[in-house]
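Submitted below is the structure of interest, expressed as structure tokens.
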Amino acid sequence: MIGPLVNGIILGSIITLGAIGVTLVADILNFFNFAHGAIFTLGAYFTYLYLNILPDMGSMFSLSFGGSMLIAIILSMVSTSLVVLFFDKIIFRTLRRRDASSLFLALTSLGLVFVMKATISMIWGPQVHYYGPIQSAIKFPLGIRVKPDEFFIVAASLILVLVAYLFLKYTRLGKAMRATSDNVVLAQASGVGTERIVTWTWIMSASLAALGGTLYGLEVQIRPTMGWSFLIPMFVAVIVGGVGSFGGALAGGMIIGISEELITSLLQDLFLKLDIRVVMSAYKPAIAFVLIIFVLLVRPHGIFGRKGG
Amino acid sequence: MNILTVEGVTAGYGDMDVIFDITAEIEPDDLVAVIGPNGAGKSTLLKTIVGAVRARKGEIEFKEQDVTNWAIDRIVKRGLSWVPQDDHIFPTLTVEENLDVGAYTYFGDYSDRIERVWSFFPQLKSRMKQVAGDLSGGQQQMVAVGRGLMTEPDLLLLDEPTAGLAPNLIKMMHEKIGEINKSGVTVLLVAQSLETFRASNRGYLLTSGEIKYSGDTEDLLDNPEVRDLYFGG
Amino acid sequence: MLSYIASYLVMASIYGIIALALNFQWGFSGLMNFGIGASYMLGAYSAALLSSAPTAEHLGGFGVPFPFDLIGAAVIPAFIAFLIGFPALRLKGGPFAIATLAIHEIIYLIVHNEMWLTNGVWGIRDISRPLYSQMPQQYDFFYLLIAGGLLIVFYFFFRKVVRSPWGRVIRGVKVDEDMALMSGKHAWSYKMQSFVLGSAVAGIAGGLFVHYTGFVSPTNFTPLMATFIVWLMVMVGGSGSNRGVLVGTFFVWGVWTGSEFLTDLFPGSMETRAGFMRMFLMGIILLIVIMTRPQGIFGRKKIIPKYLRSK
């Protein structure tokens, strides 16, 4: 039980990073960005690119990487944001001016997925990559086994989530973003330029996704389809938590992550006992989906959502 | 010389025009009311001036600059402030944060402006950390006006500033508006009640999207047709 | 050469049927179904399992002859859509799309992983192809009669449905749910009916597919090949217009098969790269269409009566 719980926390923190990005875009830009998984993937690959360019700086503590990884991550966040802003400029901005519906924007983002996934596959190939050597887990009491990198994953996620929260809560721009999400026209009537807010929304969303992708690449592997398999859990986390709710994305992400691990583990044990041969880990996205059904039946706007969202 | 000139403005939503050929002039430091029956287009007029509604025809000049169909945030940065009738606050932000956003265009220390809002509306000061959406209608109205003041505008557009307020608060609001006006802010407001109209210097009577009468408040009040139209609405 | 063309026409017809089904769900009923590929896949596998001979490799083997297994190919996806519709149709727009996408993923995973059910990645071989033994050389042409014929049947079928009183209600539901509710109809129930009907038709297309190729495996039904490409066909042609959708289908499938010819010219080492280029091409086409002509080739701009426009 504890093992899957720990794994769930690790998985959940990665999902949370993605979910926050999705919820920000869904709230301020008014559509579910199906390309978020591809952005997640792009971030992982950018980190890989920079890691291989930068000089080797050895490794820190007992992590599998050193200072060069941190620099690579930052460069990746910047690069991914620039790519996303580019797409916004040539595609989404025009659609915004045309007052395109959220469904239309979602379909457009789906088209973007194929463009991005194909480009990534063409540049790096379909095979899997790794940032560094595979780590072995440290044994803790209660049968917990955690790799040192996994501490970093949870810590990095927590720190970035905290930074994002503080940014939204206390900075002038953060308040302007929240105001825009509440009432666009009134925000404009307070002198807030919407395009600036859009830019920062994308920057936040893309940066968090880039970090999330990198952390997943660290935990498992880097491959072109990695983001796509996270798309459903991220979206479900947002819907469960309530669109536009930062806290909801955080709660949703952790809930999805933990329940995916716990439920698949429990079911796997059950099936083993019943001698049914099913590989449950492949069905993790299904767990997320079933959860969303339950939540929506009880609270159609999500746990933290507000009406009219 | 006018702070605001509206010249032959026709505007509306989609294909439907709501106001027709509106011409009006506001001088600095004036306190002007727009009155008329429901649906006459009073809110639309204010929205068109600030840029929330597109003017199909005509021109708007603010501080001797043609601002016709400027983006809202651009006009606001020039010194115009607008407090709408509905959706007039940021519900998930606290009272203080509402004011913070109101001061978005100002990069310096605006604590004196916040103090000014507290002095106008003392009830808000004790509630400054409360989420604005949780407040009563009257308190939200105060937050809305407070937010509008944060830019220290030259011209303040108030759409029904006393809507939803208890009678004693209405009187208080009239006083505050008078104080704001005396401190050098030109005010153009939409007035539903007679009291609000009486508290202003001049007025425009709008019916079915057109200006039927305009003039000093006393002259308008003496005009029997105005009283008919106004109370008939 | 001619049989290449016939083969292209057959597959285009099959996709045309799916596109008509999707257009019915989206263009007329406003359902953004990102899981249409799942109905297609379920129909295909149902037909395969129903019609094949008993075998240890997978479930089924009831030996139901073509075309009777097409009934199963229609009913099973329709039934699944019915079950899914209960929770999913409560969702609006974006979340509904996500839910249907998730369903597609889950069904794909099940088909892919459950060897006992579907023989997993290995697929199901030796599916009966009607009259194949009689005319192996001209099979493409013969099948074109079946597929093309069914395409025409479904084209007129949907035409009739849309013009019927039932169809008019559904169109009304898309334009404004509140208006439709006001006239006493249950918007939800009509959406369910569209959803189920569209799924059934897409399922039949799946059945047609397996009896054409004689073989089926999960790779034919990835989100790209089964859902996205159909959306592309609908968007290029113009949602809401059935004629346009068919034009879009033949165009997109033409580009897809055409690009296969081009990539065959590449040296073998670039083969996988070439596959990605085709994926890239599909994405770019959608983006170009959306940016330049969002209503597609034949689509009409949304017509909203004046009195329904928002205040």
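Per-chain numbering from 1; labels A, B and C assigned in written order.
The criterion applied here is as follows: contacts are C-beta pairs under 8 Å (C-beta built on N, C-alpha and C of every residue); 3 or more make two chains touch, one makes a residue touch a chain.
Note that this is a predicted model, so its numbers are computed, not measured.
Here the chain pair with the top count of touching C-beta pairs is A-C. Taking the mean of C-alpha positions as each chain's centre, the chain lying farthest from the centre of chain C is B. Chain-level centrality, scored on Cα centres against the all-protein Cα centre, points to A. Between chain A and chain B, the centres computed from C-alpha atoms are 43 Å apart. Distance between chain centres (mean CA atoms), chain B to chain C: 55 Å. The distance from the centre of chain A to the centre of chain C, with each centre set as the mean of the Cα atoms, comes to 30 Å. Residue positions of chain B with contacts to 2 or more other chains are absent.
Residue ranges of chain A in contact with chain C, taken from their complex: 26, 31-32, 91, 94-95, 98, 100-104, 106-108, 110-119, 121-122, 125-126, 231-232, 235-236, 239, 278-279, 282-283, 285-286, 288-289, 292-293, 296-297, 300. Only residues 50, 52, 71-73, 76-77, 81-82, 84, 87-93, 97, 100-102, 104-105, 147, 150-151 of chain B touch chain A when the two sit together in their complex.
The touching residues of chain C, when paired with chain A in their complex, are 32, 34, 87, 90-91, 93-95, 97-99, 101-103, 105-106, 109, 112-114, 224, 228, 231-232, 235, 272-273, 276-277, 279-280, 282-284, 286-287, 290-291, 294. Those residues of chain A lying in contact with chain B across their complex are 172, 175-176, 178-179, 181-183, 185-194, 306.
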